[in-house]
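Two complexes come next, and they have one chain in common, chain A, joined by chain B in the first and chain C in the second.
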Partner chain A sequence: MNRHEIKEVIEKSIRTETEYEGAIKESMAANDIEGWDSLAHVRIIFRIDHHLGTQVDLNATYATNTITDLIELFVNEVE
Partner chain B sequence: MDLYPKDGGEPIRAAVIGTCRLANPLNKLRLIDNAEGEGTKVIWAHSGFAHSIHDAIQWISLIKNKKVTPNGFYQLIFGRTFEESKGDKTNEIFQKGFELLKTCDILLLELSSNKRVCINEFDFNSNYLTNNFIRPGGLPLLDWWSSICKGVKYTSEQIKETMENMNSLELYTKKEIKTILSECKVTIDDNQALIQSINKLSLELKELECVIIVNPDPAYSNISELLTEESKTSDGFRYLDPNTLIRTYDLSEVFMGKGKDKNHYNEDFNIKVGEHIRDFIFSNNRTNSIF
Partner chain C sequence: MYDLPVYLLESGHMDTQCKYLSKLLESFEHKPEIEYSVVISNGEEKKITWKDLENECQSIMNSLKGIEKGVVLIFLRHSSSLHGAFFGTMMAGHTPSFMPCTSVKQDPALYWASHQKLLNHIKPTAIITSKDVSQEILQAKLELGNTKIIHIEDIEIPESKINIELRSEDEIALLQHSSGTTGLKKGVALTFDAIVKHAESYSSAISIIEEDTIVSWLPLYHDMGLMACMIMPAYTSTPVIHMSPFDWVGKPHLLFEVIEKYSGTLTWMPNFAFEHMALYAPRMPHNYDISTMRAFISCSEVCRPESFDKFFNAFNEKGVEKSMLHTCYAMAETVFATSQSTLNRKAKRILVNQRDLNRGEYVRIYDENESSLETPRQLIETGSIIEGLEVKIVDEDFKSLPELTIGEISISGTFIFDGYYRMPDLTNERVMNGSYMTKDLGFFDSSGRLYVLGRVDDLIIVQGRNIYAHQVEALVSTLEGIKPGRISAFGIYDPRIGSESMILVCEVENGQSSEESQKIKSTINKLLQSTIEVVPKKIRLVTPGWLVKTSSGKVGRKENKEKHLLESRGGK
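And now, the complex of A and B:
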């Protein structure tokens, strides 16, 4: 799975869990997306995990600021 | 926990309820030498951390043996199974905790969420629920949890279908799973509800002075602002905002993940937070906040 496909999974998971309909840019952070609170964060990560077949350490995801950071985290996990 | 003042003298005995943001800094004080030879002494502890005021109220009820935890809920409340928690000795363990609670001077309470995850009279720790129940249960449970968090309960038919398709969870009986799926709900406290719950806890422990601290993440600034005002205008509790310390440092020094992980203090920074909390407790200040 390449970076673009992983990014698509992440965006789709964010939309499913937050019901956010606006544009999602890689530079955005959780605070920029309405509905992305602490409970939604965990659900987003679990949903990405399910689609990518990964099991990321949740603590590692708390050290990501932007969606770019999140993409890179999962790119490394998939590799 | 006994907390010793910086320059020696009589300790203050604190009942501490919160997360690692409170436990780790206070535990670091044990490494400090003072006139008594130690900064803190843990005299009783139990596994499980608390996010919300409802978690805290539940802890007091549990210690007072007013609530009996069903075996299948241990992992969702304490983070450990019935066996790991030595559940058959719960009454004795909590009785000892209750005897010590009666000797405490203060209740030191961390609030890091205004969200409540509960089922009937039991409050679940959301981290434990997601890690120990939802994640191992697979996609059907994640879909159920998404729906619950959005305020939509599952129908009987949806619950039946979820139970048929989810991964097997050996630690829970079918009855417990069905109860969780049908009764669990997530609510968010507004300001009034939060203050009412704090007052309820204060009444429950009216012999203890209540000292509240919050999660330093800016996402909790509304709660911090509310508690600042409330602590100034009522004598129900004292309030410490950890940002009064944090704002004087670069975030990369304060938090893990080069400052990005606002949920965990850097190992080396814990001691500074511990000293800040201790100094506030031994001061005469009612409020120390950036607001």
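And now, the complex of A and C:
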């Protein structure tokens, strides 16, 4: 799975769990997306993990600042 | 009457003995090597015996020597030190109160700045904290006055044992900080008498036995975690296995892992947690033996039968039975539990018409197979009222209503709180003729089972956290770009997560660019995440004049919620 495909999975998971309808840019942080609270964060990660077949360390996801960081985290995990 | 330990008999406090503390001292004396608790943090397990707890308490008492008696705030992250800090403070004659620390998603500067008002109000004589948290407090430049900071890393056991200050039963034992945004939290004051009577009544309602082991991931600053999983079990000498809420939320299977390892029998969690566990079910690493469990008790937000169904369907093969799923109606103002469903029996469900569920209306119960209802809703009992409390359903004039009629739940009895700390006006507003007016709506069925429906006021319960809409509006009102006072916050039940979500509608100046709008939304999210740890599900920025006003000129939440829902569905 390439970076673009991983990015799509992440975006879709964010939209499903937050029901956010606006544009999602890689530079955005959780605070920029309505409905992305601490429980939504865990649910987003569960969903991404489920689709990518990964099991990331949740603490590592908390350390990400932007969606780019999150994509890179999963790209490394998939590799 | 309990036998007092020898060193108490020698301490000369016999005439003012406090039953709660005496019970703890009895455990110190008679079962020093027995397990009091296990605290699990970052995969490490620390067992605490009663002797360990006594030593921790003695160290805390030692560190509080010479400090004027008063409220001691405990800002500690999940660790084995929490218990000694709390009980040691109590034993030193002070009034302890657990407070939450920052989470990884919160901005420490915003979080601590929002505590200044609380500190000014409480004027704590001491704060027990860790060095990392204390660093955040210092960097936030909070005005602490004469409050002494005690670092948990520096406490030392005294050379000779310090006598416990046994206090009278009607003294304030602790403060439980309940609903409210950080700056305006209400300190629910509970006497020793109240916590003892609650512990005796509630442990009897759930038939606590010697073989019980409680498993909990609940934070101790929440009444459910504090009362059900620390104050009551310490009194009944029931061991508790404490996990970190942060560990559990990311790895929900840890709950089952701990139940299996420690033969857990009881656990409490809010409604959303049943949904969260069910969502996680496919990722469970393996089957756990959880057959020792007697009850998973749902509490802290309206109990939903559909959430129980998801949990049951997800874990029935792992040993979860319907008779294990229970409900409790609780609040800090009654120490914790007010009602409890009967263990070993399935909680009762009824089918009603959602349209009947209005204040003052009679609730007709339909046959469970009735299919003609346009708006069917299944309700689940929250059980019978526990001994020592009396509950009435009342109308707007505080007159009692008959069974199956919806009204406000009012509670009186022997373990009602002693008032909100230094808030006499608020206390008088909520306690009328000795009855606590809950602002919860509910009704009794013909067999005395209580059903809780929702709120009279603007409280929004988001994943077990109590958030007042007017306080959120006041916080957001201070932000640049928002028209002051032109905000409406309300809750909408989200069946996907089994909890309410907060919606925020704010009027902004005309002509905002999309970048400006995005910036405002991000600022709102950051502020609310850092102060109340809840972010809105949706923030609607609307033009001036959008918000509906009531006849008295106020922004009406109910009206704006209806308008929002109508527009969301595509209506005009």
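The rule we apply is simple: the second predicted complex is superposed on the first by the 79 of 79 C-alpha atoms of A that agree within 3 Å, B and C clash if a C-alpha of one lies under 4 Å from a C-alpha of the other, contacts with A are read in each partner's own complex, and residues count from 1 in each chain.
Note that in this section a contact is a pair of C-beta atoms (placed from the backbone, for glycine too) under 8 Å apart; a residue touches a chain by one contact, two chains touch by 3 or more.
Here the structure is a predicted model, which is why all the values come from computation and not from measurement.
Student: Looking at A:N65, would you say it contacts chain B, chain C, both, or neither? Reply first, second, both or neither.
Tutor: first
Student: Between chain B and chain C, which one contacts more residues of chain A in the superposed model?
Tutor: Comparing chain B with chain C, the partner touching more chain A residues is C.
Student: Between chain B (first) and chain C (second), which, if any, makes contact with A:E8: first, second, both or neither?
Tutor: It touches nothing on chain B or chain C.
Student: Name the contact category of A:H50: first (chain B only), second (chain C only), both, or neither.
Tutor: It touches chain B and chain C both.
Student: Please indicate which partner A:W36 is in contact with in the superposed arrangement: first for chain B, second for chain C, both, or neither.
Tutor: Second partner only.
Student: So which bits of chain A does chain B touch that chain C touches too?
Tutor: Residues 19, 31, 37-39, 42-43, 46, 50, 58-59, 62-63, which sit in both footprints.
Student: Show which residues of chain C lie in contact with chain A when the two form their complex.
Tutor: 103-105, 249-251, 272, 276, 279-280, 282-283, 463, 497, 501, 518, 521-522, 525-526, 529, 533-539
Student: Spell out the residues on chain B that touch chain A in their complex, using ranges where they run on.
Tutor: Going through chain B, the ones touching chain A are 113, 115, 126-127, 130-131, 134-135, 138-139, 142, 145-146, 149-150, 186, 219, 256-258, 260-264.
Student: Spell out the part of chain A that touches chain C in their complex, as residue ranges.
Tutor: 18-19, 22, 29-32, 34-39, 41-43, 45-46, 49-50, 55, 58-59, 62-63
Student: Once bound in the complex, which stretches of chain A touch chain B?
Tutor: 16-17, 19, 31, 37-40, 42-43, 46-47, 50, 58-59, 62-65, 69
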